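Shared between the two complexes below is chain A, which pairs with chain B and chain C, respectively.
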Partner chain A sequence: MIAPGPEVSTSTSSSDRRPSKINVRVLRQDGPGTPPYWERHQVEYEPDMNVISVLQKIAAQAKTSEGKKVNPVAWDCGCLEEVCGSCTMVINGRVRQSCSALVDRLLEDNSAEIELQPMTKFPVVRDLMVDRSRLFHSLKRVQAWVPVDGYYDMGAGPRITRDDQEQNYPLSQCMSCGCCLDACPQFNKVEVQRQAGESDEAFEARKKGAYESEFIGAHAISQAMLFNSHPVAKSLEKERLEVLTAPGGVQACGNAQNCVSVCPKQIPLTTSIARAGRAVTFYAFKKFFDR
Partner chain B sequence: MTSTESSPSSPAGPSQSFLKKYDFLIRRLHSLSGLIPVGAYMCVHLLTNASLSGGPDVFQNAVFAIHSIPFLPVVEWVFIFLPILFHAIVGVWIAMSGHSNTRNYTYTSNKRYSLQRITGYIAFLFIFTHVLHLHGWFHWDWWLGLVEPVGMAQFRPYNAASSLAKAMGSLSIFWPLFYLVGVLACTYHLANGIWTAGITWGVWISPKAQKRASVACAAFGVLIGLAGLSSLAAVIKTDPVAAKEVEDKMYKVRVEGRMIKPDAHKTTDGHSNHE
Partner chain C sequence: MANNRVLVVGGGLAGLAATMKLAELGVPVDLLSLTPVKRSHSVCAQGGINSVNDQTRQQGDNEWNHFDDTIYGGDFLQNQPPVKEMAYWAPKVIDLMDRLGVTFNRTPEGFIDRRRFGGTLYKRTAFAGATTGQQLLYALDEQVRRHEVVGLVKKYEFWDFLGPILDDNGRCVGAVAQDMVSMEIRSFAADAVIVATGGCGLVYGRSTMSVFCTGSAASRCFQAGAKYGNGEFIQVHPTAIPGADKLRLMSESARGEGGRVWVPRRPNDTRPPKQIPQSDRYHFLEERFPKYGNLVPRDIATREIFNICVNEGLSVDPNRMCVYLDLTHIPRHELDRKLGGILEIYEKFQGVDPREEPMKIFPAVHYSMGGLWVDYEANADGGLLPGSPRNQSTNIPGLYAIGECDYQYHGANRLGANSLLSCIFSGLFVGPGIVNWMKNNKAAADLPKSIFEGAQSKHQERHKKLLSQASAAGENPYLLHQELGDTMTRAATVVRYNSQLTEAYDRVTQMLERSARCSLADTGNWTNQNVMFTKSVQDMIPIAQCILKGALMRDESRGAHYKPDFCMPSLSATDPVERKKEAEKWCDAFDENTRKFLKSSVCSWNGSEPDLAYEDIDTRLLKPRPRLYGLVGAEVIEEVWKERNKAAEQAGQADGKSAGKKLVGAV
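Up next, the complex of A and B:
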């Protein structure tokens, strides 16, 4: 992906000093609600590996570094080019995409070991796979779309000024990976356990109920701002601001600003949050005094 | 890590649903109360205290001015104590709803977030102890009879500097150190709180504007902190005996000139005669 420049060639020359094996510590979990446990794996070093290729080797070996046979480690991935967000996990204590986590860089920070954990704020499905449905449910709550459903021709859309385009384009790059949520001290894990004999529908409804009173998260606030500045999607502005002032709305933000620091797409999330803060200030005043 | 196991029909007790339902209003009132009246009061308070650097007479005049406010106990409760109580209790609830993660995410803003909560807890303990130490919380006789013998409720408004200096020196260097930590924690909490309130209410939006605001809030914090530190230095330097002589003269002149009504409760001598 990245052409080897002069910096890379220096690291190649130092690769003689690199261990021929890579130690990987994985936080595994056999299923929802079961206790997590650490497991050590060792794989052959190859140049230009990323965490996904390490995980592929670990799964193929299905053997711990002590030689014990184990089930292959499960993980999620999709595009392998940091645009789908599905391979997001906590690598050496920090949330990021495993496809763009290059092993050579990770070994520069800590040559002894690479530590892999599932995302900390979402329920674990198995090993490094998590259920990020809360993230997508938040996007549904703020109606993060342009409401133009229909079979009739609506004509050309309204013009969007250059300034608006420049403000909106960065926000549209969100890939819903959840890094902003995992690093947020105000975004707490909500895990709803399935009850015995509970139907799919009842379980889903209970999950949604639990999600809705908790913090909606930086990604949804930013998408609400994106669609509130779209000339057509603006028609749902009030509905979005209503969600942003509901329990778990923008007021739950604690201004730690980790979201913007960890965002792999460098989306100005804290700018969106402050814009949302201003929008709900006016909205709340209007709602209170106009009623 | 929290896990929620509640069914959709009963999302916990009625008290929690009240807090949840008015989440936005409560948090915005919390933000507002931190600025006005609590933050504004803190500035006035520290500047008044800093006037002690000009000597016990300057400070005593400032205290006379404050004690000429009509219905002072009502003003204290409505504009100072109750807002502080509200800000403190809601603040603890907010702080407990978050989970600090500065170990893995060592960004400055994340440390500021954690520090805001830590200084909030310190300020909570400091302010409640400080008000008990000097004001006493309540001025019922039976209550004062309980707390005064243990070194609380020590401030006498008409012997301001001398009673303050005595109270601060009563436990070796404990009180000066306690006030040093407390005042610095409150100063950080207010300065950083103004910055976060500006984001909360949507005053500074862009990263550049937030950076500028951050510098301005830091400068404000340094000024307020200096006012606090100079008051503390002035208290340590004050000689209670010499100060009391000045204050008693000022009190006598004010009473004779009918500028204040004699109030034994507010003087050191009258107070001790009363017991």
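Up next, the complex of A and C:
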């Protein structure tokens, strides 16, 4: 609900110093395989804006700062309160959600302009929209689920201690936004282009193959650890460790620790990676001696 | 059933629950969603999910009480069998979510912890921090991914549902949808289509809802002949954080964990909140509603906050309307453990730590109680008959609706923490009925191709026509949407007047014509968000018309629908005898109003606007009774009400054969 009458800012900081216009520089790309290019936009400043409201204005005016008519900038967004992960992009050089990127803060750092780029490790679909299907594919690989018998009423689940809940809940808040992957030096971009005449199935299979030859990343490692510590989901522990032992598994981590510093939910990703490292080592030894 | 398939549209809690249940029953599912399903709007639900539990049971609670609270909280506007079934399933739903690994908060001994929510006196609400919706959604997303790996589920993410496909007999046999990346339009043959596309908050411009909650999928079903029920019942949540792009929810759980709503007693008190002594603080909800305090049902809390700001001039901010929601008296570690998620949201978006400073909040459009009309089949106990193909079916055979986009569970006002329950419940419950539906019908895949091609080409034409509209003189879809939002917010939120509703209806009807002339900035055919948005704006308008028409025709106040010109007054007499007489009259007026308006408003699309009809409510289990929160003289009215009921019962017993001869108060 909007309160009747015009809304006026209540922010305390010096509103008189604020510009009347905001300059925005956007790295655009018309589609996969086409060259990216920078474009400048200018929008009216309003109090309490975030990057989403800037992009909404850019879409409505569809004109560059030179007045040239252009297509609206494409971008992805959902909840606008930083729980869905959709609106992730690189803002002033840092990967983050655009909903929680507040314009006043960004202008404090650089009053001249705001710079928006798509995420760098995922194929661009158009402008600021990227294809993050690889990230969901990784969740399949580590079988990030509880393998229950079915959905009939079988009574309550296992008793969980408060300590375990408090350890698992932060990991379970991961919204698959991909910040940890975008910031990771070991996580390389994989872009598979469809070949002429290739069927859906053949294309999907080729993509999967390409994804699986590369580092799986902090996101999926952390989810593997979450499910390995669940009393029932533990039954797939070996299968998960097998994936983390294979090439592209946990040993590919270079310990740069960027993942944990960019995670918007402050998930202890490096702790998960360390746990995974120990579990994988133990698993490898055990497998060696059990032969 | 060999070549049967079901199409599920929408991958929030309801859509995912339906998908996984159908997969368990061996039915292949195509799951279509505007967004990767893990990013659906259900992630925004914060506070929790209700059910009777071992602890409340020993305090006198049971499933019937949960049912009664839901009906009473909804001001009796729900058909009762589905609500009863839901309340009785609630403990099983929570057990299932527990087994799926949801990280519910735990007691020191390891049981699921519970908190209290609005409209009940019991601690029924299970929660996972303050991100319960997210946690529940992830558990279902994981299960669906499991079925995806074995090939029972095929996901179509970044696809928009354009409309159902009906055969010559009016049966739904699939849908047409569009890939929002490649812009491909294609048909999907399906033996049943389940629409689980959530609410319609975007009709109001800004709300607490996610950007995909436009209501356009429901509207496309409506325009294809499905009925839309109780559209005028839109929940305005009492506590949200105003923002330029969105009004962010501040969960009811903040009050459930002890948060207090207050304003300074003196208008324009400029002291910082922490320097205002207790005696100068007006805890208006606690003072006016001693029994429920800060946890009165949402419609009541919203009106009180609105009233305190608009009519009593006690807003805590001179420049905008808001009141304090105060958590600062609760220890920091407890806040972090139970409310961390929502406190972070406030901190991130407002730059103020709510553990140190009271939050500033104001009501915001939050939930659509109304939605697609759906059927049900009751059993002998007044619950639902499991496996009936009628359950959750729209009036178009083969087209089902579940979750927030059906109208079935919440009546005139939804209780907090009942939405997650209704979504998961309706999703799980619809599956077996659909299996039975498919047994008795010819497989959609075997129908003539022409049915599908015809539907597909109709949508291709609409798309092509829109892309050809690039003249600068046309309407800008983004500005049109803003105008729609402003119109709806002014006329059809907390307080409603017929003059404003009439004016808004006319304006919105004109917007429908104007929306046909939208001009596009992008006429390309690759990831064209411009054209997809324009289509959804066009389709938001019929839903806006349903809301306004329903509100205009309903000359009463019920739940979230409040008309000052038509509400039951408080008692004014002070003399006890006079007061009792007044209460008698009050009860007569209540009965009369019940006879007239205890009905669902049901809209059908006539090609240019909704036609409205009324339908009786199934009150087979609970007799409607007045909701008296905060009314002066409530105790006298209640006394008279009870006397009348007793008399009616005795009359019924004494004269069993001609019962109903003069059943005072019975409806």
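Just so it is clear, the second predicted complex is superposed on the first by the 272 of 291 C-alpha atoms of A that agree within 3 Å, B and C clash if a C-alpha of one lies under 4 Å from a C-alpha of the other, contacts with A are read in each partner's own complex, and residues count from 1 in each chain.
Convention: a contact is a pair of C-beta atoms (placed from the backbone, for glycine too) under 8 Å apart; a residue touches a chain by one contact, two chains touch by 3 or more.
From a predicted model like this one, the values you see are computed outputs, not experimental measurements.
When both complexes are superposed on chain A, chain B and chain C sit side by side without a clash. Across the overlaid pair of complexes, the angle with its corner at the CA centre of chain A and arms to chain B and chain C is 160°, in steps of 10. Applying the stated contact rule after C-alpha superposition, one finds that A:C77 touches chain C and leaves chain B untouched.
By the touch criterion defined above, A:W145 lies against chain C but remains apart from chain B after alignment on the C-alpha atoms of chain A. In the superposed model, A:S86 makes contact with chain C only, not with chain B. Looking at the shared chain after the overlay, A:F136 reaches chain C, while chain B stays out of its contact range.
In the superposed model, A:V232 lies in contact with chain C only, and not with chain B. When the two complexes are superposed, the chain touching more residues of chain A, out of chain B and chain C, is C.
In the superposition on chain A, no contact is made by A:K21 with either chain B or chain C.
After overlaying the two complexes on the shared chain, residue contacts for A:N50 are found with chain C alone; chain B is out of touch. The least CA distance from chain B to chain C in the superposed model is 19 Å. Chain A uses no single residue to touch chain B in one structure and chain C in the other. If you check the complex, the residues on chain C that touch chain A are 20-21, 24, 35-36, 38-41, 43-44, 92, 95-96, 98-101, 103-108, 110-112, 128-129, 131, 134-135, 138-139, 142-143, 145-146, 148-149, 181, 204-206, 210-212, 236, 240, 242-249, 309-310, 317, 319-322, 337, 341, 345, 348-349, 351, 360, 362-365, 428, 476, 478-479, 486, 489-490, 493-494, 521-522, 524, 526-527, 529-530. Contacts from chain B toward chain A in the complex involve residues 1-8, 11, 20-21, 23-24, 27-28, 94, 97-101, 103-105, 107, 109-110, 112-114, 195-196, 199-207, 210. Contacts from chain A toward chain C in the complex involve residues 1-4, 7-11, 30-31, 46-50, 52-53, 56, 59-60, 62, 69-72, 74, 76-86, 99-100, 102, 125-126, 129, 132, 136, 139-140, 143-148, 150-151, 153-157, 159-162, 165-166, 168-169, 172-173, 175-176, 227, 230, 232-233.
Note for the complex: chain A touches chain B at residues 93-94, 120, 183, 185-186, 188-193, 205-206, 208-210, 213-214, 245-249, 251-258, 261-262, 268, 270-271, 273-281, 284.
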